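Dropping the structures in below, format is structure tokens.
After this come two complexes, each holding subunit A, first together with subunit B and then together with subunit C.
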Partner chain A sequence: MKAAKALYATLIVIFLVAPLLVILPLAFTSSAFLTYPIPAFSFRWFSELANNATWNRAILNSAIIASSTTVLATLLGTLAALGLRSRDLYLKNQLRTLFLLPMVVPAVVLGVGMQAMFVRLGINSTYFSVIVAHSVIALPFVVISVSGALAGVDRRVERAAESLGASPWRVFRLVTLPLAMPGVLSGAALAFATSLDEVVLTLFVAGPNQRTLARQMFSTLRENISPAIASAAFIIIMGTIVIAAALLLARLAPARQKARAKKAAALAQDTVS
Partner chain B sequence: MTDSFMRFDKVTKDYGSVRVVEDLDLTIARGEFVSLLGPSGSGKTTLLMMLAGFESVTAGAITLDGQRLNDVPTYKRDMGVVFQNYALFPHMTIARNVAFPLEMRGTPKSEIATRVKRALDMVQLGHLSDRMPGQLSGGQQQRVALARSLVFEPRVVLMDEPLGALDKQLREQMQLDIRELHHRLGLTIIFVTHDQDEALTMSDRIAVFNKGQIQQCASPRQVYDHPANRFVAEFIGETNLLAGKVSGVDGGRVALTLPDGSVLQADGAPGFSVGDDALLSLRPERIDLHGPADALTGLNTLRGDVADTIYQGDHLRIVIVTAAGRIIARVPRKAAEWPNGSQVVLSFRPTDGWVIAP
Partner chain C sequence: MSRAPQLKALVLIAPLLVFLGVFFVWPLVTVISQAISDPAISRVLPRTASAISGWNGQGLPGAEVQAALRADMAANTDEMAMGDVIRRLNASKSGFRSLMGKTVTALKESPDKPLAEIDKRWGDTAYWLAIRENASPYTDAYLLESVDLERGSDGSIQAKPAGSSANGAIILRTLWTGALVTLCCLLIGLPYAMVTASVTGWKRALLLGAVLLPLWTSLLVRTAAWMILLQENGLINQALMGLGLTNAPLALIYNRFGVVLAMTHVLLPFMVLPIYSVLLTVPGNLMGAAASLGAHPVRAFLRVLLPLSLRGVISGMLLVFMSAIGYYITPALIGGATDQMISSVIAFYATGSANWSMAAALGLILLVLTLVLYALYNRLSREPGQMG
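After this line comes the complex of A and B, so read on.
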């Protein structure tokens, strides 16, 4: 039984990561084709990415758009989560569903709608439109993540702060926000990752000047399959891994602090008694 | 009530259509320790929350030192609040927790340091000032919470079942500590609890709550010996209630005739007249047991049969069936023991009974 479980788990993991394992080595091929076997190890396609103006632009665009999206979505999502926490908010659950809607609505539908709206407003194919579009689909992740963190903040701790003389703003700044910070950081990381690999909305609302890395890969795939795609994929995957690691650290830090605290408390107990 | 430091005037609180506190009047003097005691849902915590400003007042007024509090936000009320779950700031050190109320008031840094140290020394935790709250035991955390609520010398200290989460031994120690701090610092303390022993141990006065109203507010001795009504008699301690009719009133002494015709004399609240229905509240530890042949004078007596004897370590609980119903007596271990089924005579002094309205 135990062996069967282990085998099943291994198969699932292989199923999940096999595509990555296939594509990543090709980032270092010296050949001009995206095929195995790899004739020799080379950084040729990375320098192609670095020196080709189109790819350059795409990487820069992704950096600009993903970081702006992170700031906007985190700000709005945190505010939304704070609002949804209020005890006597009318239609609270309906509002929460509304905020999470972009997660379930097909991206194509959102894309068509946004394009029509942005064109009418005369702002389609601008950085602003891409950032807004990305923020819309990144927002639910922030709302969920921050709401989760806020649910763990004891209201009595906030009440205690208030009774000790802290105005509502100071309660938020000195107590609520620091305690919810891990959730805000995870939300920000998720928003960044969402923006980084978003293609569908970008196809609708971005112009040639706002081509992101993901969008550039998508179109390159259709035109000519060069190993540059594998190199770009490598960059995106590395970026995602770094973010995932940061996320994990943000989650782990308080838990580890707690564990350390528990140990110290046990020690203190021993010395007292 | 010459000193009305804190006043509740006809205070009412509704949650939707539910009335949790109704037309409540209470006056508290400066330096007094008042416990709000009652079963859960009796309105005692709601009253405290209104006092702290966490809940709004539906009707009536709360005044403190002549200032109407109803519309004053919590952070301007200048009251220390201690919660059952300590409610320390988990992301700040013990020292910063205690410094928090001083920082909010803009106290100079050097003064903060000395006052924090003094407050932590007062609760014997000066050596833990650099720890995080999670590193402390429950009792230590509650001491920190206490120091934090006292360090800014608030006008009133509110405590919401502060010892409820601690184990029995620690709780009793903390009761004595808080009592001592109250005497030493002359604090005005409003203390919510559902533990009657705690209320009896610590309070100058106990306000007994039921159904959103104060049933009685008096000294522990008064509340226990002379309960105002049946609810108070039954809620505080254990009691036997014997129903009968008033057959004579002489000053504070009431004669009560039981259904079987026997007559008992006991103290009672004024206002009874002959023919009223009444209850005699008789505490189990005020009853003495005798053999049927013993000569007794000047005492109330009732005959009965021992139905059960329950061993309780330091005393025995004896269940006796009498014509007036089942009566529980609590007798010391060194007293004679009675086998089940043996006939006994119960006796008590008229001053040890208390007659209340049914």
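After this line comes the complex of A and C, so read on.
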């Protein structure tokens, strides 16, 4: 029974993880095909990506669009999460559901509607339309993440600052925001990852000039499976890992701050006594 | 309950509310209105459309309707829009093309000539009925067509002739594929969640990490990985042939098998995580208690653990099914021509054939289905302890 359990768990772990491990080494193949065994180690496909104008443009576009999306979504989402904290806000649960809905609505349906609307407004196939579309589906992640962090903030700390005469803006800047920072940062990371991976909305609202890395990967996969795909996938996975690392550091940061604060308090005690 | 905090909260929420109102709600409203609106005739013949709505369909419409039609045709300057109107009317009642052509020419020469003198067909009720039928700015034609129905000449709803439309078959295929993926996720995910909840320490961290890692990885990358694994000379076929299990490569990709396999992999975390989180709340000694009372492990599972985890199971199934029916990327890349789901058809209508109304009608069906499932899921996760 125990052995069967272990075997089952191992098999499923392999099923879950193996596909992700299989694609990475192929980024460094010297062959023209995406198959094993790899004849020799090579950076051929990375230089292909770096020197091909289409891929180059796509990588640049992804960087522009993902970072703009991150800024816009994090700003709007953080403000809204702060507002949702208010205990007696009218229709609070309905508002929260509305804010999470972009995660649920099928991307194709949203894409059709966005394209029709942007075409009517004459702003389809612009950086603006792509950034806005990505922000809409990235926002729920920011709202969830920041709300989670704010739930852990003790309101009494803010009241204490208030009672000591700090203005609301000072309380926010010096107390609330630093305490909620891990949530804001992980929300930002999730927004960035969402934009980086977005294909469906991009198909509808982007023109040839706004082709992103994911969009370029998608159309390449439809035509032929070239190792350039594995290299692009490698870049996306690395992007995700860098974001996860940043996230981890952000989680550690408050601990370090707390330690520093403790030290400062101890020092102050020493000076007083 | 002072008003100041309320106001402050509203000010903080307002930017996002406005943003989503414009760029999320409005597009969805556009989809809905596109699916049910049919402005071709009411836009070109506005006076006729409003005048004819008061006609009871018996005999011939009154002089004011005929005058309205004359005025509309004289006022029209958009030849293309008029051509559109004529095509539409001709589809309802053949003969309209020549009738309208003749009338337009005749009215140019003598604007006051009675319609019945221009052509005696204007004395036939059937032509006026066709105008009335098409005059409404709203239509259910696209919604009906997306489920293979149409309105007959007498206005009743009837099935379209077999073989004339594939929409119904595609909706059924979407639901069927979604159900298959949900079943596979359940069969793999339920035992996995139970094993994960039953171990501790590094084992639990490893099992959870294996579920969370794919969730963190790009969907596109995961789909690309499955394409590499499943292709004709991919690792799976190489392994099968190397083991001598098969002589020729198996067709694993561009068919339903590949789609279900890859989608199961992609959606498995959505099944495992809700079940796991419910199982964590189940006291660990219950199975032992059942066993000490003489229950066979299978019986203990069926009568104790399964009912207690039912809420997580149903949440997971709703989540997986809801996501699966809206999937576009994975079926588009791994499926063959006969594995395309409703999302692909919507994308085809919108970008391929520029048939916006059909894209919107199918989109509306998918949207409503998804929102109903989400409402169920929401209800379930808000009322702990109501189920099982």
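We take it that the second predicted complex is superposed on the first by the 242 of 273 C-alpha atoms of A that agree within 3 Å, B and C clash if a C-alpha of one lies under 4 Å from a C-alpha of the other, contacts with A are read in each partner's own complex, and residues count from 1 in each chain.
Everything that follows uses one rule, which is that a residue touches a chain if its C-beta (ideal position, glycine included) is under 8 Å from a C-beta of that chain, and two chains touch if they have at least 3 such contacts.
Every value quoted in this text rests on a predicted model; they were computed, and no experiment measured them.
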Taking the superposition on A as described, I'd like to know which of subunit B and subunit C A:136 touches: first, second, both or neither. second
First (subunit B), second (subunit C), both or neither: which does A:179 touch? first
Between subunit B (first) and subunit C (second), which, if any, makes contact with A:236: first, second, both or neither? second
After superposition on the shared chain, which partner residues are touched by A:157: those of subunit B (first), subunit C (second), both, or neither? first
If we overlay the two complexes on their shared chain A, which of subunit B and subunit C does A:218 touch? Say first, second, both or neither. second
Applying the document's definition of touch, where does A:166 land relative to subunit B and subunit C: first, second, both, or neither? first
After superposition on the shared chain, which partner residues are touched by A:44: those of subunit B (first), subunit C (second), both, or neither? neither
When the two structures are laid over each other on chain A, which of subunit B and subunit C touches more residues of subunit A? C
Which subunit A residues come up in both lists, the one for subunit B and the one for subunit C? none
Subunit A touches which residues of subunit B in the complex? 52-54, 73-81, 83, 85, 87-91, 100-101, 104-105, 128, 131-132, 134-137, 140, 145, 148-149, 152, 158
Inside the complex, what are the residues of subunit A that reach subunit C? 1, 5, 8-9, 12-13, 15-17, 19-20, 22-23, 26, 33-36, 75-77, 79-80, 82-86, 88-90, 95, 97-99, 101-102, 104-117, 120, 132-133, 135-136, 139, 143, 193, 196-197, 199-200, 203-204, 214, 217-218, 221-222, 225, 229-230, 233, 236-237, 240, 244
Parts of subunit A lying in touch with subunit B, wherever the complex brings them together: 154, 156-157, 159-168, 170, 174-175, 178-179, 257-258, 260-262, 264-265, 268-269, 272
Flag every residue of subunit C that touches subunit A in the complex, lowest number first. 1, 5-6, 8-13, 15-17, 19-20, 23-24, 26-31, 34, 188, 191-192, 195-196, 198, 203, 206-207, 210-211, 213-214, 216-229, 231, 233-235, 238, 265, 268, 297, 322, 325-326, 328-329, 332-333, 343, 346-347, 350-351, 356, 359-360, 363-364, 366-367, 370-371, 374, 378
